[in-house]
């Protein structure tokens, strides 16, 4: 009751072109905490204020992009039920054994029609946020090492058939639509923002012919001033900024889009309103999509719809 | 799935000593939007960014305090189920017919052992936040009229037998414990913060001999700068500030406590971390309760434990 | 002693293409306070926190741009002395009688080699900032009407022969160089930022073949959050944003450049460090001019060097 | 011209009860940069964004308090002229040779009637702010080590005969009155805030029977969010906070007062309006002095008038 089923985004596995460069970026510029490396050559990170062992994995590969994106579910029983529900819906699921990822329990993996691998899991070791659970301070020095987001928050994925994806997320996984952009025909969705919580988005999709693409992985900051600090740190480290600091019309969040050294777009953002499943979804029409995406400029930059990894 | 059962705090009914003075305060100083008055002499308000018709009711009475505090539930079926569950737990429930409150559906009311009337409801008219659901701006002029919180967020209630209250909120209503303060014996809770969402608190209780008391009703602001603005507006309007601007150790929120003209304490706060039901609760020990409540001063002021309405 | 001679920027006279449109923009979007209109058809404004009667004048004309930019000097004796010093330097000065501008004393006008008319004056009526000089509040409702900068802060002018301009400002008017951008030859200045106070700039010049051009008139905001609010208000009012919110490397200020309805670029900015005449000037080299102007993007947009009014 | 004579506060020498404890506090909690130690056992610090070698000296002594407070003047000629002017006014001055303080030129020292030693100097080594003067970044890692103010900004001194002190600062040193608090008689000043620049205060005095006392030494922060961060760091380090975060009515600055481990009060503040010598001074009456000092609480705490070092 209240918070059940799928709880939150849990981890993403990203491909980088050069592992050492990637480690340096995610650790020192983005300011995640490195928590381990495994036998497959994957390096594990978490944001300082996250409690679970990992939320971002990187591995070296020929091309950048996303391997899979996972959600934490309430418990083992929920995992089993959702696995059954996904199969009942007609999706093929795969069980990945506990331990395949460090400190992470069994995962249920399935591919959605947009071409992305999504995972569910119920168990991951709580290693804390660097504080005791007794009388903690509000923040720690790690909160100022690099950009230092508080959490990995959501991702925006590009691929085809987002109606079917939406149906799976809503009907099987219990998400609800928060905002959407309608195309020129006034009917077909260009983009959908979905939540499993009170956050304005836990995952989002944009219609795109090529399957399995990553538009951006997003990290949360506590304030608009931290957004400025993030932009400063990006410039100091010669990180290529796509756009920002600015505000999204959609979700109202303040934001910067930038690229990791391999070309994976990431977002550091703040804000976004509280939302609930009984809320009417907000619609953005085709002629105002510019203001929806970049509220201040009121127009898309060329890269937004074309550059993905 | 995901967000089910009890969704969020929905409304509070407050007693004020002078209705006109109360209306002026809630409308022009706190900056809520007046949405109606009923035949019982109650005046209805909502925060500008709330969508439902009302979240704060005031009525004139001989003494200040809280009449009842309500939660919105997912739907009518949930309302019926929770009513049955509450009765099965041994609580007496009362059905208050739709329309008894303006634009509000049927309510299930019950008294918890701390002496407070809690309500559940499934329906209240969506009157929007002053914006269209198509291509909205991020905020409107009402967002700068008075203190102008975005929402009524939670309340802190004082009364006896908070163990039993906690049991009801957890076992029947699906809330979970986020933080708690333990008394000198190292075992008994002085205070508990409970969530039905990803917010650090949707309701909280402090052990107190007298039942049915209100410590404060809390309103959310978007930033620490809005907290400063709120303090400025309080001073400009000669509102008596209890403490703040400061930070809570508990929930990490930044905050001001102050009193409405009738002596009801209210809070305007920002922040607080995202939390989930699988998170381990944070414990504050008796010797550090000062830092837990007022992180900067690290000690309680005399009023915190003694002045309630 | 201490603060002597030229004190601060005092007023600018701008040309707009449509007076009513201009009045609406400067009053309701930028949020200046209208303080008068004169027989020449000029409309007078001040920022809410300024004390003198006016700081911005607009008049209708065939083309946008700046008529003149003025500085307040310490007193009448200073005005006379600076007039004499300017003439001794070889500049022709003109005395414009008191009252030619509303509530403004006699002005000394001269043209600098960049083709701009600069004025000095010693007297302008103090009409206050809307508060008493006894027990004032820190701000007033006007501080939230439109963007509502606290003051007209400085301007950036484009024209030829900026070496000579710099000599006049330094040797005759007592300004000092705070930062400058050097061209590809490593010697010639592209741009200079000059201060007569502890502010990072009271006036600035960029080398440009066409004389008498305005790059932007700048208005000060109290915080980075007010910069966000300004960008939101610009979007709400369909004001064309040139760039921002972002940060300047030069002066470190956070900023937005946008255009008034007539095409005059204006800036709303916050910050910039305290500076003093004994400070060594900061140099920006040609290869890093992008980071100097727009610190986050690290490159100039095409409009910065080409679009002036 | 423009900025002449006395430019800015340059250094303060403070007495601490335990040198190691003092070094740890000023370096790691307040976050100044240690720049040297001399043969007299004095330890030198500067704020990260200051350019001169030192602005705060501490030495071990039996009692806390201030030894002397100094201002930087424009140049050597100014130093000589002001020395002569001070003597002409009837004050005894002392020349302290260059090198008596590390990297600091000759100082002119004199005692004002409030019992404080004031110094003037024209030369101190520029060691920079940790950045090059060519293409600098807006901030450096030191800007986040401890509270990390940008500068030592001003001090508030307690002592008798502040009328005479004001006369010296105004007539000889070129300061001007920005704000003042009038006592119950409506005539006599309780407190005066004086500026030699566009800052709302470069030095301030409160009438007090005991001479030579320090109320607080003040350090500047860039934003209200940095004020919150400072309060957090104080709590983390168990620094005793006197009051704050809050706002001053006088100067409008946002502020925290706290005590170093020896009992010297210090302030970390942000803001304050731009002011000029032609501005009418703001007056605070006796009945509103509470709002003047602590704008939100609108009353003085007991310590403000009684605890000095």
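The first chain written gets the first letter, and so on, giving A, B, C and D; residue counts start at 1 in each chain.
The rule is short, and it goes like this: a residue touches a chain if its C-beta (ideal position, glycine included) is under 8 Å from a C-beta of that chain, and two chains touch if they have at least 3 such contacts.
Treat the numbers as computed from the prediction; the structure is a model and nothing was measured.
The pair with more inter-chain C-beta contacts, choosing from C-D and B-D, is C-D.
Note: the chain lying farthest from chain D is A, by mean C-alpha position. Chain B and chain D, compared by their mean Cα positions, are separated by 43 Å.
Taking each chain's centre as the average of its CA atoms, chain B and chain C sit 48 Å apart.
Chain C and chain D have CA centres that are 31 Å apart. Multi-chain contact residues of chain A (touching two or more other chains): 137-139, 223-225, 232, 235, 247, 291, 295.
Residues of chain C touching chain D in their complex: 1-8, 49, 51, 72, 74-75, 126, 133-139, 150-151, 173-176, 195-199, 222-224, 247, 249, 252, 271, 273-274, 276-285, 288, 291-292, 295. Within the complex formed with chain B, the residues of chain D that make contact are 224-225, 228, 231-232, 234-235, 238, 241, 244-247, 254, 256, 291, 295-298.
Residues 137-139, 144, 223, 225, 232, 235-236 of chain C touch chain B in their complex.
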